[in-house]
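Reading through the C-alpha cells given below for one structure.
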Amino acid sequence: MSEGKQLVAKGRLIQEMSLKNRLIELITKWEVILCILLVVVVVFFSNMTPYFWDWFNLMNATFQFSEKAILALPMIFIIMCGDIDISIASIVALSGFVVGTAAEKGVGIPSLLLLSLLVGTVAGLINGLLITGLEMPAIAVTLATQSIYRGIPTGVLGEHACTQYPQGFGFFGQEFIPGTVIPFELVLYLFIAAIFAFVLHKTTYGRRLYAIGNSAETAKFSGINVKRMRIINFTLTGFFCGLGGFLLASRILSVRSNIATGWDMEIITLVVLGGVSITGGRGTVIGVILGSLLVGYLKFGMGLLKFSGTVMTIVVGSLLIIAVLLPRLLDLYKANRKLRMQQRS
Amino acid sequence: MPNRSFQSVMKQAFARREATLIVLLVLLLVPITIRSPHFLSVKNISTILNDMAILVIVSIGEFYVILSNGIDLSVGSVIAFAGMACGMLNESHPEIPAPLLLLVGMGIGAILGLVNGVLVAYGKIPPIITTLGTVSIYRGMTFLLSKGTWVTAHEMSKSYIALPRNTFLGISVLLWIAFAVIALFYYFSRYTRTGREVYAIGGNANAAKFVGVSESRIRLVVFLVSGTLSGLAGALWTARYASAVNEMATGFEMQAVAACVLGGVNFAGGAGGIIGVAMGTLFLGVVTNALPVIYLSVFWQTFVQGFIVLIALALNTMSDQRKTRKLLAQRRG
Amino acid sequence: QGTKDQAAVKGEKEIVILCKSMGNGFFDAVFKGSEEAVAELGGIKTTYMAPSQATAEGQIEIIESLIAQRVDGIAISANDADALIPVAKKAMAAGIKVISFDSGINVGGRIVDLLPSNAELIGRQQIQLAADLTGMKGDIAVLSASAQATNQNLWIDWMKEEIKDAKYSNMKLVEVVYGDDAPDKSYREATSLMKKYPNLKAIICPTTVGLLATAQAVKDAGMTGKVEVTGLGLPSEMKGYILDGTCRKMALWNPIDLGYTSTYILAALMDGTSKGSVGEVIPAGRMKSVKVEKDGLIYMSTPYVFNKDNIEQYAAIF
Amino acid sequence: MQQALLEVYNLTKIFPGIRALDDVHLTVRSGEVHALIGENGAGKSTLVKILTGVYTPTAGKLVFDGKEIAFKNAIEAQEAGIVAIHQEASMFPELSVTENIYMGHHLRNPKNHKLDWKAMTENTRQLLAQMQLDIDPDTLVKNLSVAKRHMVEISKALSLDAKLVIMDEPTSALTEREVEDLFRIVRDLKKKGKAILFISHKFEEIFEICDYFTVLRDGQYIKEGLVKDSNEDEIINMMIGRSIDQMYPQHNPNIGEVVLKVSNLSQLGAFKNISFELHRGEILGFFGLVGAGRTEVVRTIFGIDGAMGGTMEIDGKPYAPRSPRDAMHYGLALVPEDRQKQGLVLKMSLTQNISLPVLDTLSWRKLITRKKCEKTYVLEHGNQMEIKSAGYHVDADTLSGGNQQKVVLAKWIGTDPKILILDEPTKGIDVATKAAVHEFVCEMASRGVAVILISSELPEVIGMADRILVMHEGCQTAILANKEITAENVMRCAIGNVQTEGSNA
C-alpha cells in the first residue's frame, strides 16, 4: 500500500526485506511448515509400509478423523475469540443419544437429523448464554456442562445401547459417494471447511472474530456485539456437534453413553496444531485443515506400523507442544536476525 | 489478612466463599441425614474424609496453578505415573520402607511438574496447551513403564498397603498427611514471599515484573508444587487402593478443578485461598458420597456433579457482581 | 506391538488378537495361548493389539487399519457388541476372517463367536458360589465392570434368573453397581454397598479389577468373613486375597485355552477347511475340537473354581 | 549543583524493527529534579525501563553512584537505590494496600523468616499518613479510586528509600489537589538530597517543579540545560525540531439546532441527574477532576453501560441505546479514553483498525468484505490525519502513542458521525499531535458535527469549548457558557463549590 502520501515513522525503521529474508519469512510461516510436515509424514510412511500409499486406504482412513475434523472448524471460531469449549464431546454424546433413542421409537432419517441438530444447537446455545450471562471463563462453564451433557445419556441410558436404526441410516457415516472411493463424510467435511474458510477470511463476521480475539473491549467500542458473537460461536459449535453425533451414530450404528470420550482434547489439539492461537486472534482455516490431515495420517500410518495407541498418544501430545514451541522459537530466531542486522547497520 | 481486628476478620470471612460453602453444606446435609441418619455417623464421616484426602492434596496443587492464572490438566496422569512407579518399585524392592516410597512419588511428581513448568515458564507455552500435551504423554509413559501390566495387592508389601490405613490418635495417616499438606501450604501462602508472589503473578503479571517478581520462577514453582503433590497423591493412591493400574486417576484433573471452583478460586487468577479449596473438596466429597445413600442411581452422578459446579460458578458470579459490578464495567467495558 | 518387520515373508498368514484394552493380565494370557497355537500350526504370525482405552471407537480405528494392511484374520474381544458390526462387515468384505471371543460381537459382525463358557453356566455358577459361601441367606450384590460390558450383562441376567429358584428364597440380589473396571471407583462402590445394606452377606464381581478392589475394600472395612467376596478373577492377581480368606472361592475359565482355541478356529477359517456354518466341528489341537452351534456360537467349558488349595498352582500360569 | 548521581553514556536500545534509543546521554545529580522531555515515542519510558532493569540495553554504559551498573531485574535496581513509578499503573487489584506496597520486598521476621504482617501494616499506616492519604492499609486495591491507586503507587516508591526516584508521567491520573500533594513530596525528597527524574508532557509542571532538563527526539539526545534559563518555545523547538503555534485554533461557532438532549440521566454509583442539550456545530466541554464520572456519562450515552434513570433524545426522538452498535446507528462516535485497550486492536493492521466500525458499509450486503473499497476508504481517512507509519499494513502496536491516537481518530471520522464524543483525546500525547487534534476537533465542529470533549486539562477545555459542563463526584455542578468560562469559575465548580449559578443553556 504505497500510493497516497505516506509519512515515514519516526524512530528509524528497518529497510526493505531482501529476497532471502522474504524466503525465510515464507518458510517459517506456520501453514507452510504444516505442509512440509504432511509431506514428510506421507513420504515416510509410504516408504515404511506398502499399504500407506494406496488410494483406497488413504480415502478410507479419513473415516477415522472426519467427524473430529468437522468439529475442529467451529472450534476455530471459539478459540479465535479467546474462549474454549471442553463440552463438545459431551454434546456429541447427547445428540447421539437422542438420535439413538428416537430411532428406536421408529423416527425417520430426516427427522433424526433435525432432532440431532436441534439438540446440539440448544446445548451450544446454553453454553453460550451461561458463559456470557455468568461472565465466567468458558473453560469453567464448559467444565460443568461437560458433566451435565454427558450425565443425561449416562443417567437415562445406563447400560443400554441403542442399536435399532432405519434402513439406509448407515450411509452418512460409512458409505462412499456411489461409484467412487471417496467417503461421503470426507466430501461433507471439505464442503463445510470451504464454507468456514470463506466466512473466516472473506466476510465481515470473520474480520470481527479476529478483532474480538485480539481485543474484545476495542471490538465492543467499535460497535461489535461481542456477547452475541460469542453466543453464536458456541451455538454454531453445538450445531456441528449435533451433526457429529448424527454421523457418529451412523458410522457405528450403536449409541452408548460413553461415545466420543476424549474428543475434546483431540479436537483442541487439531485447532492449536493448525496454528490458531489459544489466546485468540490468530489462525487460519487452512492451517487447521492441514493440522487435521497431519494428525489423521500420522495416526493412520502409525497404526499400519502397529504402533500401540499409547505411542500414538505420546506422539500427538508431543506434537501439540512442539507445534506451539516451534513458532515461538522461529519468532525468536527472526527477531534475533533483525536485531543482528540492525546492529550491523 | 493478618493483624486485623476481630470484627473486620469476621466481616471478611462472611463475605467470603468459605461461609457460603458452610451454609450450602448444612443445607445439603439436612435432607441427607433425614433420609439416612447414619450418614453423619463418625464412621461415615471418616470414610468421606479418607476418600477426599487424596483429592484435597491434588486440589491444592491445582489451586496454585489456577491462582497463577494457569490450569494443570496433567495431574491425573502424574498421579498414574508416580503411582505406577511406586507400585512397581515396591514390587521389585519390597525392602524399601513405605515412607520412602512417598518421597519417591513426590520426587517423580516433581520432575514431571518441572517439565510442565519449564515448558510454561521458559518455552512460554500457555499452561492449558502444555498440560493438554503432557496429559497424554505422561499417561502414555505410564503404559510404557508398566508394559501394560498391573501391580496388585499381593505383589505389594504389607507395610506399604498399611501406610495410609494406619491410624494415629484415631485418625488415619492418610488424613494426617492431608492435614499436614493443608497446614504447610496455608503457611506457604500466608507467610512466605514466594507464596505471596504467586498471588502477584496471577493478579497482574506485568505489574509483578516491575516489582522484581520473576514470572518464570513463579510459574516453575506452581507447576513444581502441583507435580510434587500429584506425585505424593499417586504414591498414596497405589497404597490406598492396593493396586496400580494404567488408567488410574483418569479425569481426576476435572475433580481437582471442580474443587477449586467450588472453593471460590478466581479463574482469572490472583484470588482464592487454601481453606476455600479444602472446603470445596469436602463439599464435593459429601455430594459424591451422598448420592448412593439417597438411592440416586450412580448413572446420574456425572450429571449431579456438573450441576453443582455450575451452581458454584453462578454463586461466584453473583457475589462478585454485587460487590464489583461497577469495577467490572470499568475494567471490561 | 511396536514396529514389526513389514516385509513379512510372503505366504505367512497374519492374524491379530484384538483385545478390549491394554494392560489386562487376562488378555496377556489369551495371547500366550495364541502364540502356543501358532507355534503348533506354523505359517501364521500372530499380533496382540488393543486400544489404549476400552472403547469401541478405539477398536474400530484399529480394525480399519488392519483392513488397510489386509491381514488375514482377526479375533476380537469386543468393547461393544453392536458398534463393531459395520467395520467388521467391511473387514469381512475385504476377505478378512473375523471372529469374536470372550466378549462377543452380535450376529452379522463375525463369523463365529467363541464363548469361554456358556453365559448361562457362568451366571448360575456365580450365584451358586455365593450361596455356598453365605449358607444361602442374606443380601447379595453384584459389582460389575462397565455398564456396557456385553458379557457381564448377560451373566448378570442369568444370575437374576438363577436366584429366582425357590432354594434361594432367603437370598436377595439387592443391587447391581458398576466400577467401570477402575480400581478407585470399584473400591468406592463396594464401600458404599456395605454402607447401604447392613445385611449384605456377599458381593459378586464378575471382573478381575472389581474383584480386586472389592476384596481390598472389604478387608479395609474389617468385614472379612462377614461379607463374602466372590466372582471371576485371574488367579495370579487374586492370589493374595484367596490365601488370606477375603475371597474364599472364585471361578474363571482358562484364558490361555481361549486364545489357543481362537487361533485354531481362525486357522481353519483362513485355509478354508471350515466355513463356520452351524453344525461344523473344528479341530482345536490339544482342546480336541469345538462345535459351531446356532447363531455361530461356540462354547467352551464350565468355569473352573479356585480356592486356597489350588490357587498357587494356577497363579504361576496366568 | 551537586555531583552526578547517575550518568548514562552512549545508551542504545534496539527493538526488532526500531531504534528506541540511539546514543543517549543523561546526567542526573543528587538533590535535583530532572525533567526528561520528548514527544511521544521519543524513548523516555524505554530509558526508564532500562534504568530499572526491566529491559537490558543493546549498548552503552550506565554509572550510578560511582559504580557501573547493569541490572537484571527491578529488585536489583531497587537494592541499588533506583525506584520508578511507571507510566502504566501496576497494581494487584485483589491484594491489600499493604501488600501492594510490599510486593517484591515483603518484610520478614529476622528470627524465623516468617512474613511480618504486623510490621508491614504498621509501616504502611505511617507511610499513608505521611502522604496525608486516608486509606486503611487492609483495603483491597480494587476498591480504591483511580487517583487513590496512583497515590498508593507513589507511596510504594517512596517506601523504598531510594537515591533516585523516577516518575514517568505521574500526574496524568491525578487530581489538582493530589498533584499539589505530589509536588510537596517531591520538594521534600529534593531537600533530603535525593534525585528525581521527572517525565511529563505538561509544561506548567515542568516549569513549576524541575531544575534541569534533558530533551530526547526520535531516541536521540538533543540538549540539556537549566529549566530557569529556558522557555517553553525553546524546549518545544528542541523536542520536535520546529516551533508550534500553541494557540488554540480559532473556532467560529456555527451553532445549529439541538441534536442530543439528555435529561436526568443517572447511573447507580457513578453519576446522577445529568441534563444537557447538545447542538449541531457546538463543542461541549466536559470538565471535572479525575474520577468525577465523565467517562461513565459518555459510556452510557454511547450504549456501553445501561442507564438507571433519565431519558435521552436525538433529534427529538427517544434514544435508548442498548449497545455501541445502536449508538452508531444514531450517528454517534466515541473516541475512548484508553486508546490501547478500547480504541485499537493492537495486533491488527492500521487498515483493519480504521475500517472496523464501518465494515458493513465497505462490504457486499454487510457480509463479504471488499478489499478495494476498504483500501480507498482507509487511504482517504488515514491521510487526512497524517498518520506517521511504515504503511497501512503494519500492526497498530508498532506506532507511537500520538500516532495511535490519530489512528483512533481516523477510525471514527469515517463513520461520519453526527455526534462525536472525545474522551481525553490528548492525554499523554505530545504538543505537536495535540495541536493536530485540536485542529481536527474544530474542523469537525465547523462541519456541523456536535462534539463532546472530555478533558482534565483546564486550558484545553477553556480554549476549545463553546460551553462547559462541569462535574463533581458524579453530579453536574454547572454548565458554563461565554463569559462565565473562566479558569476560576470552572475550577470552583469542579471541586463542588457552586456559588455562582451556572446558567442552563
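Letters A, B, C and D mark the chains in the order given here, with residues in each chain numbered from 1 onward.
Keep in mind that, in the parts below, a residue touches a chain if its C-beta (ideal position, glycine included) is under 8 Å from a C-beta of that chain, and two chains touch if they have at least 3 such contacts.
By chain, UniProt protein names: A = Autoinducer 2 import system permease protein LsrD; B = Autoinducer 2 import system permease protein LsrC; D = ABC-type sugar transport system, ATPase component.
Bear in mind the structure is a predicted one, so any value in this text is a computation, not a measurement.
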| item | value |
| --- | --- |
| Comparison of A-C and B-C (more C-beta pairs in contact) | A-C |
| Centre-of-Cα separation between subunit D and subunit C, whole angstrom | 73 |
| Distance between the centres, which are taken as Cα means, of subunit C and subunit A, whole angstrom | 38 |
| Centroid distance [mean C-alpha coordinates] between subunit D and subunit B, Å | 43 |
| Subunit B residues counted as touching two or more neighbouring chains | 139-140, 143, 299, 333 |
| Multi-chain contact sites of subunit C, meaning residues that touch two or more partners | 22, 52-53, 147, 178 |
| Residues of subunit A whose C-beta touches two or more other chains | 158, 217, 220-221, 257, 308, 310, 313 |
| Interchain contacts (touch definition) - all pairs | A-B, A-C, A-D, B-C, B-D |
| Footprint of subunit A on subunit B - complex, ascending | 71, 119, 123-126, 128-130, 132-137, 139-141, 143-144, 254, 257-258, 261, 267-268, 297, 299-307, 309-310, 313-314, 316-317, 321, 328, 332-333 |
| Residue ranges of subunit A touching subunit C (in the complex, touch as defined) | 48-51, 54, 57, 60-61, 63-64, 158-159, 161, 163, 170, 174, 251-254, 256-262, 299-300, 303-310, 312-313 |
| Contacting residues of subunit A [partner subunit D, same complex] | 1-14, 202-208, 210-211, 214-215, 217-225, 281-282, 334-335, 338-339, 342-343 |
| In the complex, subunit C residues that touch subunit B | 21-25, 28, 52-53, 147, 177-178, 181-184, 187-189, 191-192, 195-196, 209, 212-213, 215-216, 220, 237-241, 243 |
| For the subunit D and subunit B complex, residues of the former touching the latter | 52-54, 73-76, 78, 84, 86, 88-96, 98-99, 103-106, 108, 113-115, 117-118, 121, 138, 142, 269-270, 299, 304-305, 342 |
